[in-house]
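Next come two complexes, and both contain chain A; in the first it sits with chain B, in the second with chain C.
The block that comes next holds the complex of A and B.
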């Protein structure tokens, strides 16, 4: 009887869904996108001056901008600053986080400072950074590291602290040396935390790089956007925005893929 | 293994425990919940220090985990990020084995515990019983002279538990080692042990050591022997006298 009820209740729903391709997720996504672009195009044409970015204008300049050497070099500089900054943050942030997570003295000493710096808006220290590093690429790198470092170290600390005692007991029982325990147990056990920290850090690093370029006026996607906006080339500026969005989204996708591929166990705990 | 004599007291968990375990002897330790069986075993492994007395193995005092001893945990203690193969290889790898030695030995132990075909599975993909087989293989792979079992079948369901008990007897028969087997199941203690140590009191002390004169190899037929039932009753009564008293204390 239960089986019958279930079958009866179920059958109408899939039928209704199957009958119409209009409700398929892919169609809805594309349709909503087209509608939004049309509204944008229409509003700009009706009310805004000619230089304001609109979809048709972006499409028109897209090929030229994407193959423009100046644009490519700007993109390369911003992205390499983000990647190098993230790399530095991963290495040192993880080291500091693990030290805090596993050594009580370090944790007690550093906790308030790391938490405060994690909460500090990096834009607020930007003027100071330019004083320390000068108006150059080092200032941008410093802002990226500052933006990314603390979300990684905070997560590494949480990860190292949440290593189940059972694992450490097993390691001790099998006579693991401290550095073996670090690489065999603390590191893999903290990986889900580290990836969560990295996801957060990547977003902050990207923001940091762009804001630093605005402020310091060094070549990069942020500066490209600023310069083109001020010279009424909004379509060109918008392509840099699209590239930044694409980078952010692909990084997110990369981390999700890594988690699924290499940490299949992490979701089961 | 020349034997171990020890005396303890750790926050009054247990005190004045004196005993000796002979080579290839199986000592089952049983006692009411919270009597310190597991703590005693951890001290034997050297995971936690004693506050009184000492435990020696082969003439040396145990202060930290030493070579020749391996432990099987109630919580299995498998690493979720390692496959069955790598979990089993963990102890051997730490002991400094080469890749070739690991590739040669690990399949042998995986086969011994009946996990062939599951080498590349992760712990979350296999059942609790299989997880503990994996934990057992990891301990056996370092070829310990002393095997410490901490309620190894306490976290699996009743049927799996019985299966694993007979598997354990088969495996022990094929490579007998000295074994200290902590359990709270009376049947299991009598079935496994050459002697059953009853730990009770507050702080716990050795209340009685029961000689189990059942023939080996033991198997399912052992459960049907009248002597098995007799020993089982004896241990039961010894334990229950205490349990009843504890219950009365609660009522009062």
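The block that comes next holds the complex of A and C.
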């Protein structure tokens, strides 16, 4: 953010041009948005069959879909599965990550498993998860947890390992109990890492929930998209995509805001 | 850490791998076959698949898809990102939309792609491409935002041609950021590959997993999942290597 303002202030644009409303960032952004929507509308009208989603069609069905009880309950189910899955992953992922970060034996024992499952696309275990939990909402929750857990635990591990040694020494010389060291030193000190992990986990959890709904066919935004696109109601289906994008973007914004507001000391890269 | 510590480290890693293998085997023996297969039967299944040539064929098919989508994403994402780095008004106009698409769960678009483009190779490449392109574009643009205007000013005051400006300033400066994007794209593209193989026309490793689950051949399914885990680990290491290889160029950032 600061880099951008500095760049703007130093950029060799003549004053007359800079003050003009045509080059103001807000105007450019809005204009670009309108142009993109017009291109979309034009391309679909010219080349695509009538059922394909286009801005005018989406606007037409927006009010009806957004007040539709079925749509709202689908959105609620997907988002609550994502939130519950994230909470489970935060609690257990942080515990496992901290244990790995502070206790060498645990780290050596789990490192290969946690790292390789972190690198695995969790979609791949979807059929296995449905064998375990059946074709129901539990399978979706399990996929969300699997998708989110490992990014939180690897980041919690990095965070716990990055705690400055002096802090721990001071705690030790004041005879802090292990519990106090954990909650008053290790936890706050690794918060930036936990938030970075949470940001990654949230994106993966959203993908996991949608994919699970495609596969398992349980009510939710993913299934809403699948069902409506199969019956050639692309405009309706696209509104579910818009909700997913809004959730993804606002989560990203929330984490950025939290980091800036409460953790200004954290190194930003 | 002395030699004793090093010895202990190897010992615990080996013990942990052995315990994992034992847990896998025992879990397979004491549960139903549809639930979890033993390590030995998984390895036997893996060996059979390797021996009959099925594994190589499916891995090759997956790789063809993955590399087509990923290289397309790099070929489009990197130049487009650099163009946005140079043309400031275009970047200001588009950066919020790129960020939005970067945060979009692209799996949600698969049903649309399926009903518009049907089954075939092209829609699957499109899925991998969509998963992979926005991390590259987003990171390149983020890098471009932090480019120091002095660099361009100096080049311009020495009457650098546009061509030299690109090759001596723009590309060297933004490349490390692009590499971070490519690292993310490598991981996301793999997710896209599996998703495309599951939900569009079944092929490759995704098809192997699907068929294993439909035929209750849990050993075959676990064998395919194991290959995907190894692929994921290998590709993540490759991505980290590529990123670190260029990270030093960021050197003078405060």
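Rule of thumb we're sticking to: the second predicted complex is superposed on the first by the 249 of 269 C-alpha atoms of A that agree within 3 Å, B and C clash if a C-alpha of one lies under 4 Å from a C-alpha of the other, contacts with A are read in each partner's own complex, and residues count from 1 in each chain.
Here is the rule we use: a residue touches a chain if its C-beta (ideal position, glycine included) is under 8 Å from a C-beta of that chain, and two chains touch if they have at least 3 such contacts.
Note that this is a predicted model, so its numbers are computed, not measured.
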* After lining up the shared chain so the two structures overlap, which partner does A:169 touch, if you call chain B first and chain C second: first, second, both or neither? -> first
* Kindly classify A:263 by the partners it touches after superposition: chain B alone (first), chain C alone (second), both, or neither? => first
* Touch check for A:188: first (chain B), second (chain C), both, or neither? -> first
* Go through the superposed model and pick first if A:219 touches only chain B, second if only chain C, both, or neither. => neither
* To do: With the two complexes superposed on chain A, say which partner A:180 touches: chain B (first), chain C (second), both, or neither.
  => first
* In the superposition, chain B vs chain C on chain A residues touched -> C
* Structure fact -> Note: overlapping chain A surface for chain B and chain C spans none
* Enumerate the contact residues on chain B facing chain A in the complex. => 45, 47, 64-67, 70-71, 73, 75, 77, 79-81, 90-91, 94-95, 122-124, 142
* Of all residues in chain C, those that touch chain A in their complex -> 9, 12-13, 15-17, 19-20, 34-35, 88-89, 92-94, 96-97, 99-100, 103-105, 107-112, 114-116, 145-150, 153, 187, 190-191, 193-195, 198-199, 205-206, 209-210, 212-213, 218, 221-222, 224-225, 228-230, 232-233, 235-236
* Provide the residue numbers of chain A that touch chain B in the complex, in ascending order. => 166-167, 169-170, 172-176, 180, 184-185, 188-189, 191, 263-266, 268-269
* Structure fact -> Counting only contacts in the complex, chain A reaches chain C at residues 3-4, 7, 10-12, 23, 25, 28-29, 31-33, 36, 48, 52-53, 105, 108-113, 115-121, 123-128, 130-132, 203, 206-207, 210-211, 214-215, 221-222, 225-226, 229-230, 232, 234, 237-238, 240-241, 244-245, 248-249, 251-252
